[in-house]
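There are two complexes below, and they share chain A, which is joined by chain B in the first and by chain C in the second.
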Partner chain A sequence: MDGKAHFRNVALLWLVANVIMVPLVVFVFGPGLPPGKGSVEAAGQVTDNTVLLAVATPVALAVLVYMAYALWAFRERNPEVIVDGPPIRGDASVQFWWLVVTTTLVLFLAGYGTVRLLADGSGAGQGPNPIAIPSPPKGTTVLPVQVIAQQWEFTYRFPTYGGVETSNLELPENTLIEFNVTSLDVIHSFWAYELGVKADANPGVNNIAYVTTKGPLTFHVRCAELCGVWHGYMFNSGEVVPRAQFAAWITQQRVQYAPATRTLPPYSKTYFPQPLRRGG
Partner chain B sequence: MSTIAVSSGAPRTGWRKLLGFNMLTGIIFGVAGWFIGYSAIGLHIHGAGLAYYSTEAGQNDIAIMLGYLLGVVGFLVGLGFGNYPFRRMLGHPPSLAEHESEEEGLFRYFTLSTDHKVVAKQYMIGIGVFFFVGGLNAMLIRTELLQPNVHVFGANQYLTLVGMHGSMMMGIMTSGILGPFANWLVPLMIGTRRMAFPRIEAFTFWLLMAGSVILITTIFFGGFQTGWTGYQPLGSQGTAGYDAYIGFFACVGLSMTLFGFNLVATIVTMRAPGMTWSRLPIFVWATLGTAVLMLLAAPMLIAALLMAAMDRTVQTAFFIPAAGGSSYLFQNMFWFFGHPEVYILALPGFGIVLELLPVFARKPLWGYRLAVAGMLGIAFLSFFVWQHHLFVSGMNADLRPFYMLSTELISLPTGFIFLCFMGTLWRGRIRFTVPMLFCLAWAFNFLWGGISGVFNSDVPSDTTTHGSFFVMAHFHYTIMGGLVFAFFAGIYYWVPKMYGFNLNERLGKIHFWTMFIAFNSTFAPLFALGFMGMPRRVVTYAANLQALNVWVSISAYVLGLSMLVFLFNVVWSLAFKREPAAVNPWHSKSSEWQLPTPVPLHDFDRIPVFDPDPYPYGVDQVPAGAPAAAPAGGAA
Partner chain C sequence: MSAQAKRGVFTVVALVAVCAAIGLYIGLYLINVPGSVAATQTATGDHLYLATVPAAEVSDPHNTWVSYYAVNATSTVWRHDTTFEVPANTLVHVTIYQYDTSTGLRNPFFSQPSGTVGSVLIDGKPTSVVNPTAPAHTFAIPQIGLSIPLPGANSNAKNLCSNAPCSLSNAHVTVSFTFRTPVKGLYRWQCFVPCAAGFIQGNGGPMQTVGYMGGFLKVV
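Take a look at the complex of A and B:
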C-alpha cells in the first residue's frame, strides 16, 4: 500500500469513529455533564462543557485512530531483522494544514469561552470589580449575599435584611444572587456545586460571583482551596426555595439572631478580626 | 579524596577514605551545623515570630531556619565544596582536582564527583529513592480515602502526606528528572567531555539531597498543612513544619536555577565541531528549553520563599493581608514559577520520547524543525499563562480572557510535538520493545492530559473543575502519564549503556502493562470524581463517591505493585541474571550508542566531528536514485 492508501484508510476510519462518537458525546453524555442545570449559570456550564467535548472528540479520535492504525499497519513484521523505514523527514503541506486546523480550533475555543464568560460570568468569582453582570429576571432585584469564610466554616450575611448572619444558606428561586465572598483568615474557596458557583475567599478582598437561581434545589457547599487541618470538614448545604418560603425564613432568622446581630461589626465588604488561633 | 589539596601525598585507601571529604563527613558536618544554627545561635535570639499570628509556645522559627541554613552549609562543606574556594582565597592556583573526576570504584558515588556520568548516576538513585517514598505516600493517601470519613490517619497527618507526596514528586523526582538523563547524555550527545561547570553540576545534586532531608524533617515539627503549593497566609499560620517546606523548596529552587544555568552554558558553548544547531539531537533541544525555564522561573520561587521566611521570622508582612500584605502576591509569585515548572516536567518527556521514537520506528525524526519550534514555543508561552491557576481567585476580571487565550495557545506547540510523533510512525517499521511501549503510552496518556487541559483553561468550565479532583487527574495524566512514562522509557533504553547490563525484557513488559493499565484505571475515574464535586486534598468526601474512590485506591495499589515489578526487574537483572549489555543493543544511530560500554572515563578518545544528520535511519539502505524498498507486507 502506498502513502495515499494509508491516508485514505485513516481518514475513513476517523470519519466513521466521528459519526458514532460525536452524536454520542453531544446527545448522550452532554446532558449529564456537570454541574447540572440547577441554575442559569450551571446550565450554561453544561452547554460549555458539551461544546468543548464536542470539539475535543474529533481531535482525540484523530490521534487515537491514527495511532491504532499506524501501530497495526506499520508494525515490523519480522523483528529478527533490522530494516529501516523510508527516510521521510517531514511534509510541508501536512505541517501547514495541521497548523491551520489547530490554530482555528484554539481561536474558536478561546473566542467561544470569552463570549460565554462575558455573557454572565459563568458563576466564577470576578474579584471586587466584576465585568460580567447578568441582568436579574424580569420584575426582580438582585439579592446580595455575603459569604464569610473562616477556618473552618462558611457563614452568610444578608445586608438587605439588617445584616443578619446565618449559618446556613437559603436562597429565593428565580433571583439573581450577588455573592460577595470574603475570608477572615486564610484563602478558602466557596464552591456551591449544583449552582455552578466557585469563588475564592481571600482575606481583605471582596470577590463577587453572580448566579441566577431557578427552581427549588438542594445544593452542596464545599471549600475548594486547602485552608488548613480541617479543610476536609468545611462543607455545608443550602437550598433554593420559593420566594414566600425564603421571606419567612429570613424573617425568622432575623428574629432568632437579633441579639447576635447587635454585637456584630457593621456590614462591610471585608473584615479584619484579630486572629484567635494559629490553626495551621 | 575529593580535596583540592592532593598535589602531595598518596590518596587515602581502605577505611581511611572515610576520614576525608565525603558524604559521611557531610552528614556529620550537617548535623553539627544544625546544632550550631539551632541551639547555639538560634535559641538565643528572642523576639522571633510573626507580625500577626501568635506562635506556639516554644516555636522559634529563626532558630529552625538558621539550623537548616547552617546544616546545609555544613553538609556541603563536609562533602568538599568549600575546598576549592578556600584554596583560591589562600592563593593556590586554580585546578580541577584529579580525584574529583578520576576516582574509580563504588566509593566515588558517595563523594563530590565532577564526572558527569557519576553525577548522573547519583541523581538516578537520589531521585529514584524519593520517587518511591513519594509513591508510598500516595499509597497511604489512597488508603485514607478508602472510606469517606477519617479512619487511618488524622487530618493533620493526611495533609502532611499530601504535601510531602506533592513536594517529593514535584520538587525532587520530576524537577530532577534531567539529573540522570541530561547530565549523562548532553555531553555525550554534543561531543564534550564534561559539563561547562562540573562542580556546579555536583553541587545541584547534593543541594537537592540536602533539601530532601529538610523536607523529611517536617514530620518532627508537626508537618505542614499547605500542600506543595504552600499558599499564604495559611503558611504563615502553620506550625514549624512549614519552615521545612521553605527550606526544602529554597534548596530545590537554587538547585534548579544552577542546573539550568549549567545546561544552557554547556549546550551553547561546548558543542563539538559539526554539531550545529540544526544537528542537535532533539533531546538536547528539549533539555535546552527546560534549562531556560529552570533558569528563569526558579528564582521567583526562591524570592517568594524568602519573603515567606521573613514573614515567619523577622516580622515582615508581605503575605499577611491584615497587616497590609497580600494573599495574592504569593499565589502570583508561586505560579509564575509553578507554571513554567509544569513544562519543566513536560519538555524532558517530549525530548526522551522523540529521541527514542526514530530508533524504534527506524525512521528519521519527522519534522525536526517543527519539534524544535514546539519545544521552544512551549517554553516561551509557559511564562504567560500562570494566572489560569487563579481564574476564580478574584484576580482582575479583565485579564481572564487573555490568560484563557494564552493557555489554549500552548496546545499549538504541544500539537507540533504530537504531529512529529505521529509523523515519525508514518510508514515506519515499528518495533515494540519495552522503551517503545512506554513511548506509545506517553502519547496515549498525554493526549488525555491535553484534552482535559482544555476544560481547565476555559473559565466557564473551570468554574466547576478548578480545585477539584478533575485538575488532579489532569496533571497526573500529564506528569505521571507523560513524564514518568517517558522516564521509564529512558531507563529501559539507556540503562544498558549507563550501567552496562540489560534489563529483563519479559519483566519489563509485565511492568509496562501493569503500570499502563493500573495508571489509567487509577486516574481516569478521578476525572469523574472531580466532575461529581470532590475537591482536592480533602480527608472526607461525600458518601456517594465511595465506590469510585475504593476502585481508585485498589487500582493505585496495583500501580504501586507495578513499581515493585520494576524494582524486582532491576535486582534480578543486576544481581541474579546479569547479562552484559551489547554495545548497541537497539541498533541506534545516536552518538552515545557509538561509544564503548561502559563509557570510558573521559568519554571520547578525541572529540568527535559530527556528520550532518542526527537521525540517519533508512539513508544508507536506499541506493541513490532507487525508490524505497517495498518488502512484503505493505509496510513501506
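Take a look at the complex of A and C:
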C-alpha cells in the first residue's frame, strides 16, 4: 500500500470518528460542562466551553486516529526481521497545511474569545473601568453589590440599601448585578461558581464584574487566591431568590445590622489604606 | 560475601531505612492532631472558658505572640490549646477573659456581635455594638455566623498582664455569651482584629498559626 492509500485511510477513519464524536461533544457532553447555567454569563461560559471542546475534538481525534492506524498498519508482522524504517523527510505540502490549519484554529479561538468577552464580560473582573457592560433585563435596573474580602471572610455591602453590610449574600432573580470587588488586606479572589463570576479582590482596587441572574439558585462562593492559613475555609454560599423575597431579606438585614451600619465608614469603592489598623 | 553482594545488601538496607523514615514522617504527620479542650459540664449546661493574652507564656516558642488559651472559671488553670470540643445541637455558654489592650477592627462590621442566643454581656452589660476602635480581638466562627468583638482592657491600668498565665486580678474585660452548636463536624474559628504586632498588615505570625489566634471547634 502506498503513502496516498494510507493517507486516504487515515482521513476516512478521522472523518468517521468526527461524525460520531463532534455531535456527542456538542449535544451530549456540552450541556453538562461547568459552571452550569445558573446565570446568563454562566450559560455563556457553558457555550464557550462547548465551542472550545468541539474545536479541539477534531485535532485530538486526528492525533488518536493516526496513532491507532500507525500501530495497526505500520507494525512489523515478522518479529524476526529488525530493520530501520524509511528515513523521515520534510514534506512542504504537509507543513504548509499544518501551518494553515493550526493558525486558522488559533486565530478563530482568539477572535471568538475576544468577541465573547466584549459582549458581556463573561462574569470576569474587568477592573475599575469595565468596557463590557451588559444591559439589564427589561424593566429592571442594575443592583450594585460590594464584595469586601478580608482574611478570611467575604462580606457584602449594598450601597443602594443604606450601605448595609452583611455576612451572607442574597440576590434578586432576573437582575443585572454589578459586583464591586475589593479587599481590606491581601489579594483574594471572589469566585461565585454557579453564577460564573470570578474577580480578584485587591486592596485599594475596585474590580467590577457583572452577572445577570436567572431563576432561584443556591450558589457557592470561594476564595480562589491562596491568602493565608484559613484560605481553605474562606467560603460560604449565597442564594438567588424571587424579588419579593430579596426585598424582605434586605429589609431584615438593615434592621438586624443597623448598629454595625452606624459604625461603618461611608460607602466607598475601596477602603485601603483606611481604615487600616496594625497590631502593636 | 563478595564485594558485590555486600554492596547489594547495603543498598537494600539503605533503601528500607529511607522508606521507613519517610513512612514514619508521614505517619507522625497524619496522627499529629492538636490537643483539644472539652467544654466544662456545669449545672447550667456546657461551658467554655477562654482567655486572650497580649503574649503567650514565657516558655512558649513564640512568647511575644498574642494568643488564646483555654482556662477554667477562675482563670487559674491554663492550657495552650485552641481546639474546643463541644456537643452538637446544644447551647454552649462561653466566657472569655480578655487581658489584651485595644488594636481596633479593620472592618467595623465586626463591631456588632452576631450569631448568639440571647445577649452578649461585656463586663456584665448587654451590648449590641462596640466602638470599632475598642476590640483587642474577636472570637468568630464564620461558618455558623458567630462573631463576638472583645474590647481591650484599659491600657492605662497599672495591673496589665504581660504574658500568660494572667489572673483575674489583672486588668481584663469579661465577655460572655451563649450560642447553639451546629451539627457534628470541624469548624474553624479565628480573630478578625489584625492583632499580630510586628507583622505586615497585623495578620502574620499568631494570626497565621493554628494554636494562637485561630483554631477549631470540634463538634461531636
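Just so we're on the same page, the second predicted complex is superposed on the first by the 264 of 280 C-alpha atoms of A that agree within 3 Å, B and C clash if a C-alpha of one lies under 4 Å from a C-alpha of the other, contacts with A are read in each partner's own complex, and residues count from 1 in each chain.
Keep this in mind: a residue touches a chain if its C-beta (ideal position, glycine included) is under 8 Å from a C-beta of that chain, and two chains touch if they have at least 3 such contacts.
Keep in mind that what you see is a predicted model, and the values were worked out from it rather than measured.
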item	value
Partner chain(s) touched by A:239 [first = chain B, second = chain C, both, neither]	neither
Which superposed partner A:153 touches (first chain B, second chain C, both, neither)	second
Chain B versus chain C as contact partner of A:185, first or second or both or neither	both
First (chain B), second (chain C), both or neither touched by A:197	first
Chain B versus chain C as contact partner of A:257, first or second or both or neither	second
Touching partner for A:74 - first (chain B), second (chain C), both, neither	first
Partner chain in contact with A:230 - chain B first, chain C second, else both or neither	both
Which of chain B and chain C A:116 touches, first, second, both or neither	first
Chain A residues touched - chain C or chain B, whichever exceeds	B
Doubly contacted residues of chain A, that is, touched by chain B and again by chain C	185-186, 228-230, 233, 275, 278-280
Complex contact set, residues of chain A against chain B	1, 3, 6, 33-35, 41, 44-45, 48-49, 52, 55-56, 59-60, 63-64, 66-67, 70-71, 73-77, 79, 82-91, 94-95, 98-99, 102-103, 106, 109-110, 113-114, 116-118, 122-132, 181, 185-187, 189, 191, 193, 196-200, 202-209, 220, 222-233, 272, 275, 278-280
Touching residues (chain side chain C, partner chain A) in the complex	66, 103-112, 114, 128-129, 131-133, 140, 142-143, 145, 147, 188, 190, 192-199, 201-203, 207-210, 214
Interface residues, chain A side, partner chain C - complex	148, 150-153, 155, 165, 167-168, 184-186, 228-230, 233, 236, 256-257, 259-260, 262-265, 275-280
For the chain B and chain A complex, residues of the former touching the latter	52-56, 150, 155-156, 158-159, 222, 225-227, 229, 231, 233-234, 237-239, 242, 321-322, 327-328, 331, 361-370, 390-398, 400-401, 404-405, 408-409, 411-412, 415-416, 418-419, 422-423, 425-432, 440, 443-444, 447-448, 451, 454-455, 457-464, 466-468, 531-533, 535-542, 587, 616-619, 621-622, 628, 631-636
